[in-house]
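Lettered A, B, C and D in written order, each chain numbered from 1.
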């Protein structure tokens, strides 16, 4: 069994990692780290009560990772950089899956401009692999550090990749995206209170959301209006992608998507007769893509569960690849 | 007091009409008609228990309208046509606000192609006025038949009208819209069940929704991708409108919208710093519009309550205008 | 016009006060006080955008109350005591409606044991009137300080008052109550986050909730199991009251409730054939009571909107009475 | 592999059976029957898209069951009786788990009085075993027909069983229960529409719900007020049980419950410090029980997922026992 640690187990992605890893046949949860709930395993998700094999929650320190083969960093951006650089000095063999944004962008400059903070680990940034298995399977399999993609970024990039070598690459593209509230994390903000989210719907960060950086980097599309919204549900992202184009008939479009993803077990291309519905992906690691060609428009719906394919599930998928397991191990 | 009847009081728009008219100082609810809940006033919305001034619910017949000054038709399309043509023969002075789609489109051909059914009252269709007060105030004031706009159509048209004389008129425009579930009405469909809507989100009628016909007719924009979605909330519509254009600076855009709507009490143009949120309009007759210019894009958010400005509130606004009252009477 | 101030306008009860008072014909909102959103009127509820008659939000100080006739204290317990005692020294004529718990209990000892803190204003405590108009109308009309009841307490006491002179007074009584999440206020607690409340249901403070003190004081029932729950909705309380008793036939029970509340405009006793539903009271100042006698049990459902009859609506009802207005002014 | 059929796959319990059985290592889904969605496998739950091992949906006929070892009947009451009696004539070896109410009650008279319809299969009724493994494990293991308990009944009975030999058996007991809306099934009723359930809360069948019959039969408690409510969530039941009694200290009570359920893998007795929360059981086959002794009251919270332990999960648990598998197979 691979011995894994999780840093940041009090948040939603940390707890989702535990949920899935408890059922994983080849990775065991060996250490749980948290600053906010150290020693309080009881404050882990209430539905873990029937699992008594979980270790206690400890304060993180680098020496506690000596016996680990793998660590998942479920921490905010900027926290991961400091940990990775220290960890690499003491344990050269450990594999790291970082769920923060710190190693997703290829250049220090882009990172600093989008995140308004200094990057302190350019070296590892150069070696990190962007953890989208549908694009970087081989590089992930030999990486020591994988930067798990952003949730919105995963949905948008998977929806656009088959088009990225097309004539559309320079065209204006609208992506109207909607996310469940777990995407905002467990931090205490007024905008995340039940009474502020329930029975309403809102837009935010129109045209300025940070995941735009990953989208541009990974697809090459540059004239994109990415417009995110907050849904009054716990989990799920729908990215609706619109391009004004008559380049493809519907069958050509569908064929192109089918072909692109035929060997990828977690991308389900559904026929255009399907109505996109987040129930299709909730609590699964699947990305459902429904491409349509309608009256001079290409419309692509891309659906994921933001906590699974958009975070913890994809992190495990990456870990599976890093250790040579079938990528679906523990995820189906 | 104007004596008003409501036909179709069992549905959500019928009940919303009652709610607002009970507080209206110049219109009294004189007759309630329904086929499904005839004689069962108790099946009206449970929150009407404290109003004992409501008349009994009757089966509709044309002679029961002889003493009415005004009737609201809250019935499905095709039902309204038959009623209007008969009613006009017996009561030439009654004013009619039709909340169905039967008289919204200017031509029989367009109606028949969008609604797949024959139009049997071309005469009244020619005389009906499209009931968007922000565009047709004068015509409404002298009309005997007003066709109340569709809910999505109201949000989209109000969001686009200030741009309809611009260079954008021939450009590709994306409208990604989201509606609360009351927009689907009270009819028994599996897709309207609580367990099918709650905690999920879905798209439907992508590019083929019937309200597109009203949108094109009233704005002149022709290359529009209208993509509606179903929100797990009761009421509210957000239409997010996207155009790739650098024609306006943000201040020019805001000025243009402010100017266009400065005399319209129910359209609130908010500065671009606001985040659109359906709580801004829920249970009000207001349309909130937030125009933004971002990096080569014009983005306009248009918000309404689908049961108020998108249906029953706008119907009362139209009735106010038809009878020479201030258009806000009973609505603020 | 009565000049009113509101202290604590950033919270849900403060904002609900504004919403109702903006429509009140005899009370004008003259001053808004808040420590957290001082100077930021824009952070008031987003749906206030169309009201420009609101004053700016100021930091509270006692001298800013010199010109006020009335002040509503929408602050946490312990904060109100300090304000009331200071305010009485400088403005003997101001009327105060305190929405906190500080003046609800008749004895300093009871207060201190339930709230685990010292009471510093025994003098005003002795003069304060418990603001349940259905019980203390006359005393409220001449009070300078009214202690607005707790939300759960209002629902429970109104449901029990007609039985408080019966043989049941010493019997064991179960009250299983459920409240919308606005009852927890707007403070930042993990348990109030959307993802913690949505799509689930939980019990808390079983048998130990502080509102038990008001319940016992005002009804005389002493052997009560009060068991509150959190509902995944914004507003509304259902208190289900159960007593094992065959003392009354259903018609006797209904008659007793009808008689007790016949002159009280905000209590609606509905026949036992009705199914209690929070939609009956949402956004109204009504308390709906449905008494049933079933197979040896008396069951009483008592429903209110926790932010209206359970807080701000009742506060305005009390203010109406204090100033000699009809108690329903601005509330229907 | 055991070959299983499911009759009634269009409903929520039918679809839940499929969800769990697709992961079951020893039972394979061999036949799917439905009258409403015959031939339309695509109308099965949208999240089944990635399972292509499912058979087509057929119209039921008894001869199609010849090769089955097991059948689950997920049909309304009265439908099951006709099917069971016919099926037994043609396939004596098939095991049947009936999720309807037809075989739950021990006597024809009780059934007929609670369900207002004739029982046509008294013979099988006498042989059927009440499918609560925590009480009837041995009988289930040798039964050919198991009557799967009602959802509310499961929660209430498990919460009361440890007390059923106590002095409380004749005392008045209140059970205030709350269920997610999937408990109302997928049939088209106005009361199940999203807009009727969302953002509200209601009581129904107070004191007259049919599951009372199972409760009395299986626990012996006779003076019970069972008061069900509808929650605006998809799944989950909380039964809050209240008895006025000082017979047990909290530690005695907890010990009694711990002892009673120590060998039952799907009942989790949690210490009284826990706050009952439906997230503890959602999507699991666990029943969580939290017993408390508070000031002269015994309070027991019993939580299940109504579609799992309250229906399809328990049905599979029963099937596991009937075929000699570990009862947790495929359920953890």
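Going forward, contacts are C-beta pairs under 8 Å (C-beta built on N, C-alpha and C of every residue); 3 or more make two chains touch, one makes a residue touch a chain.
Note that this is a predicted model, so its numbers are computed, not measured.
> Look at all chain centres (mean of CA atoms) and spot the one farthest from the centre of subunit D.
Result for max centroid distance from subunit D is chain B.
> Shared interface numbers for subunit A and subunit B above half of all numbers used, same, or below, different?
same
> Based only on mean CA positions, could you tell me how far subunit A sits from subunit D in angstrom?
Roughly 37 Å separates the two chain centres.
> Distance from the CA centroid of subunit A to that of subunit B, rounded to the nearest Å?
Those two chain centres are 40 Å apart.
> Averaging over Cα atoms per chain, report the distance between subunit B and subunit D in Å.
Once rounded, the distance between the two centres reads 45 Å.
> Any chance you could list the residues of subunit B touching two or more other chains?
Expected reply: 198-199, 232-234, 277, 279, 282.
> What part of subunit D is in contact with subunit B in the complex they form?
My answer: residues 12, 181-182, 186, 188-190, 192-199, 232-234.
> Could you please specify the touching residues of subunit B with respect to subunit A in the complex?
172, 174, 176, 178, 199-204, 206-208, 223, 225, 227, 229, 231-234, 236, 238, 240, 242, 244, 275-279, 282, 292, 294-297, 299, 301
> Please name which positions on subunit B make contact with subunit C in the complex.
45-47, 49-50, 198-199, 268, 270, 277, 279-284, 286, 288
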